[in-house]
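Labels run A, B, C and D following the written order; every chain starts at residue 1.
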Amino acid sequence: MGVMRIGHISIKVMDMDAAVRHYEKVIGMKTTHKDAKGNVYLKCWDEWDKYSLVLTPSEQAGMNHVAYKVEKEADLDMLKQRIEAYGIKTEMLEAESLPFVGRMLQFALPSGHDMRLYAKKECVGTDVGSTNPDPWPDDLRGAGAHWLDHCLLMCELNPGKGINKVAENTRFFMEALDFFQTEQIVVGPGGVIQLASFLSHSSKPHDIAFVGGDRPGMHHLSFFLDSWHDILKAGDIMAKNKVRIDVSPTRHGITRGETIYFFDPSGNRNETFAGLGYQAQRDKPVITWTEDQAARGIFYHTGVLAETFTTVYT
Amino acid sequence: MGVMRIGHISIKVMDMDAAVRHYEKVIGMKTTHKDAKGNVYLKCWDEWDKYSLVLTPSEQAGMNHVAYKVEKEADLDMLKQRIEAYGIKTEMLEAESLPFVGRMLQFALPSGHDMRLYAKKECVGTDVGSTNPDPWPDDLRGAGAHWLDHCLLMCELNPGKGINKVAENTRFFMEALDFFQTEQIVVGPGGVIQLASFLSHSSKPHDIAFVGGDRPGMHHLSFFLDSWHDILKAGDIMAKNKVRIDVSPTRHGITRGETIYFFDPSGNRNETFAGLGYQAQRDKPVITWTEDQAARGIFYHTGVLAETFTTVYT
Amino acid sequence: MGVMRIGHISIKVMDMDAAVRHYEKVIGMKTTHKDAKGNVYLKCWDEWDKYSLVLTPSEQAGMNHVAYKVEKEADLDMLKQRIEAYGIKTEMLEAESLPFVGRMLQFALPSGHDMRLYAKKECVGTDVGSTNPDPWPDDLRGAGAHWLDHCLLMCELNPGKGINKVAENTRFFMEALDFFQTEQIVVGPGGVIQLASFLSHSSKPHDIAFVGGDRPGMHHLSFFLDSWHDILKAGDIMAKNKVRIDVSPTRHGITRGETIYFFDPSGNRNETFAGLGYQAQRDKPVITWTEDQAARGIFYHTGVLAETFTTVYT
Amino acid sequence: MGVMRIGHISIKVMDMDAAVRHYEKVIGMKTTHKDAKGNVYLKCWDEWDKYSLVLTPSEQAGMNHVAYKVEKEADLDMLKQRIEAYGIKTEMLEAESLPFVGRMLQFALPSGHDMRLYAKKECVGTDVGSTNPDPWPDDLRGAGAHWLDHCLLMCELNPGKGINKVAENTRFFMEALDFFQTEQIVVGPGGVIQLASFLSHSSKPHDIAFVGGDRPGMHHLSFFLDSWHDILKAGDIMAKNKVRIDVSPTRHGITRGETIYFFDPSGNRNETFAGLGYQAQRDKPVITWTEDQAARGIFYHTGVLAETFTTVYT
């Protein structure tokens, strides 16, 4: 009942051909649809719904909206009530407002990001099928990403003005959408300021994350890989394709994830993320990273955080 | 709401010292409690509740009961109603009927196994804590298992007599406990006989599994490892400790899991299981393994199933 | 000066199309030449000489000959003298007796196997080239084997009759060809019988091995992979291609190598072997496996040796 | 005959306790000897000679000398002749001029570095022994480095003055010591300037390397690990021990090695290096990296070379 997972993310790209080439050759997705407006829809091999990424032609990079899939059609009505009771206006978009998708509940997060919930998207099956499936398809491409795993949204944080959209989003996701918090970074005297927040609605360490910054934006969209070995292969694939790498292979303290950060040709930050990390559960004590160890929480090996990592985003 | 995960398994062992040595030195658990009756309680380093394994002295091997943790105390009352409405009698055991555990809802599965649900167990934290945690503890022991992941129960299957406790358990778990099925093996003409069933209540490929056999029993209890590399290390640890290995490292077709099967000194089968495999979701098409490919579903590499694998259990 | 490495192995196959498909699709080699007699020549992507495997059409499986490459043309003359001084007759085959190969020094090992030494074979370069090479080629196929690494020859061992061709071959390789022994299995009272011997002329744990049996033959030819992860991938590739697996992934005690044994369609045993293991050196103490631990030396995890592993060979 | 491998490196440290703690807890070595002058001698678990690292107390970091082991005592006399015939003066130090070591042939490389050759050092065996050895010892510590693998020496390069000690060292190692070149970086018009050179005397991609800089010095000493997974573990160990990391996990284009660079407490750069990479052989075409791809040769994933990587050394 309720939210299941990230369903898709719609992002802006400046050079569609280059973008499609990147998500196909580097990430390993397949194009499953193109519409009349020039939008391109792609999916990973291990996803069963029609698409998880929408590329829209634009003058600049960034996120249009992020959509999570809920279990049942009735969940949309139930969540509409809860979200509005929480004090956020919603709109129910009719079916096919996005191709292959049923009606979508649209609303703005406290941070201002456009979010959608939907219950139906055409199911096309994974690339290995559901009868006697191989563990991976013969035509694995690029990094061979399994699925779009999560996104990290930058939220306005201005303690001087009493603004903390990280904390506001966190409360909204927990109270209205039944997410639970797995980890947080707290800063300031007494650790009263929630700088970053990681939330799950599954048994994975995060399904969405929020980090404080000057302005709202998209920090990265993240694709799941199976293991640290696949991270090495992903790095090799990026090298072969001359991808601009932001952070070469390392481990996160937060989530324990094994990671590479890099950019698509428009400058949207991508992540390949490997390993389950740990089993997230509603009764697991929330992990807190204190200000002095926050950099190690983000990049566990070096404990050093390049300033651009938190200031450069779309 | 409802079930979260396997909470503990209580098993019988014939030589307690040898059993404790096995679960500590090979699996890597720590003893957290011993009671007056000689029962020993252990946990893995990445678990936060007091114990996940109870060893009880006995004349023979096998499972006493398996217990799943639910989210809230009220869930026990709700599930009591649902289980009884389903037609299964339950008993609410009072708190501390097992040490450190709140009240437990006890009932017999259609297959005859003793199952428990509980909402409270003393939380002692993981070995890395919840403030600026390292990804793994300094004193990692043995295979370094993260957590008890799932169990596989053998259920009576006698098509001639119309008995299929695999199918009955599956229906019960789905209808009364809100599990969803991820995979199944079907055999017989038209694939009408459900020989094996894999069920999840999380985003992992299984939280419990049932396989048909001559009599009810416990096939194995399984411990989670992070990666295929940890499977190699686990095999090395078993060799150093002269553990009796049943199936050396390989991959399952079912769940895609990387695995070793082996026995504790009393003959209870253990598994070390690595990798998330895939993201289990309620809308993911159920995977079906047909009779001709069932062996490959179980042991993907060889496609060969030793008869003892399904006939030897406790 | 002297021997560098295994250069190629020539083996017999009964169904050439099936054999080529196997070595191309499963091992990942490329066909580089076919001759008028129907022989097929293949190389791995990381080898720079024209071929390392010769398949010859035949009524039965088995090895024709194994050839090692020496550093210089003059080494052939020097080694001819040493081998004949050792008491073994040799013949210098003229250049192009095998395509693309210079003159070859041919002789029979004490065990009866046909062995060749040569200094020249056409160099075609690796698949990644020698200018700014990628670490692996874009068109990696199958298990992506790097190179033919070594072979294991079965040698007659009949202690009752005083026959031990393992020991005889070992002495010959050390005294005449400057190999050094890295490991041995000794059996019998006082460990006086050398059952198996592993020899190197490089810094890898073995370049050739001998094991005692009823009759001379070829136990396996082995292909190098980089890591345990590549062993998993190789196992998956074998499953996809329905290859007959003899021993699924495990570790050798001897050489520490990570391994899978399997058969080509004619029944010639192959191995994929991963990891350097250790640095073999002439001053490293020789490792000895005693009779009671020999099975663990061969299959470290289980310590169990199926009888067929030493009785079934070509 | 001739050189076998790097035998030990003697380096200067400013805080001996901190240095020993680093090489023991992070690298995983064991102290095997301390002498009256306060020098400390250590070995890795997989090495059989008494030590491979000598730490000497000093006011500044850097290398005292590097020593390679030759096969036979007579090789020292033969090499003395060849080195002097090459035009380099040598001195034969008497046995025990370094503890547990036989006589040493000392000379200055063209680059000015102090180099030694020796044939004898007390053999103490690896930590797993040579009878039925486990693949790794039970008391593995820190990153569990197998052995000191190679060192990289900085050599004066000043094309304006016609000085290229990289090229001079390369020629000396090839002509006098029988090393062969595996890879090189060439820069300048027509690629006439050899900026870096990688040389082997084994089947590993390098046993020593030279890179051009302003002044002679030691760039790093490198320890061997088995696999990319061990690189992750090494990074985790460094994080736990707050080691200063220079370059977090990545792959070299050159040698294909998987790597982390970091500093010991005195500022001597260390490397943990994993994987065989490829089989180095005397007939393998030399790999050349051109100026435009040199950064990718060094750090394959990003293709970006921080200036400090080539300017900061001891």
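Things to note:
Convention: a residue touches a chain if its C-beta (ideal position, glycine included) is under 8 Å from a C-beta of that chain, and two chains touch if they have at least 3 such contacts.
If you're wondering where the values come from, they're calculated on a predicted model, not measured in any experiment.
At the interface between chain B and chain C, two copies of one sequence, more than half of the residue numbers in use appear on both sides, so the contact is built from largely the same positions.
The chain with its CA mean position farthest from that of chain A is C. Simply put, of A-C and A-B, more C-beta pairs touch at A-B. Work out the mean CA point of chain B and of chain C, and you get 43 Å between them. Separating the centre of chain A from that of chain C, both taken as means of CA atoms, is a distance of 49 Å. Computed from the mean C-alpha positions, the centre of chain A lies at a distance of 31 Å from the centre of chain B.
Under the contact definition stated at the top, the residues of chain B that touch 2 or more other chains are 134-135, 227-229, 236, 239, 251, 253, 296, 300.
Those residues of chain A whose C-beta lies close enough to touch chain B in the complex are 1, 4-5, 46, 48-49, 69, 71, 123, 125-126, 130-135, 146-147, 202-204, 224, 226-229, 251, 253, 256, 275-276, 278-279, 281-290, 293, 296-297, 300. On chain B, the positions that touch chain C within their shared complex are 228-229, 232, 235-236, 238-239, 242, 245, 248-251, 253, 258, 260, 296, 299-304. Those residues of chain A lying in contact with chain C across their complex are 134-136, 138, 227, 229, 236, 239-240.
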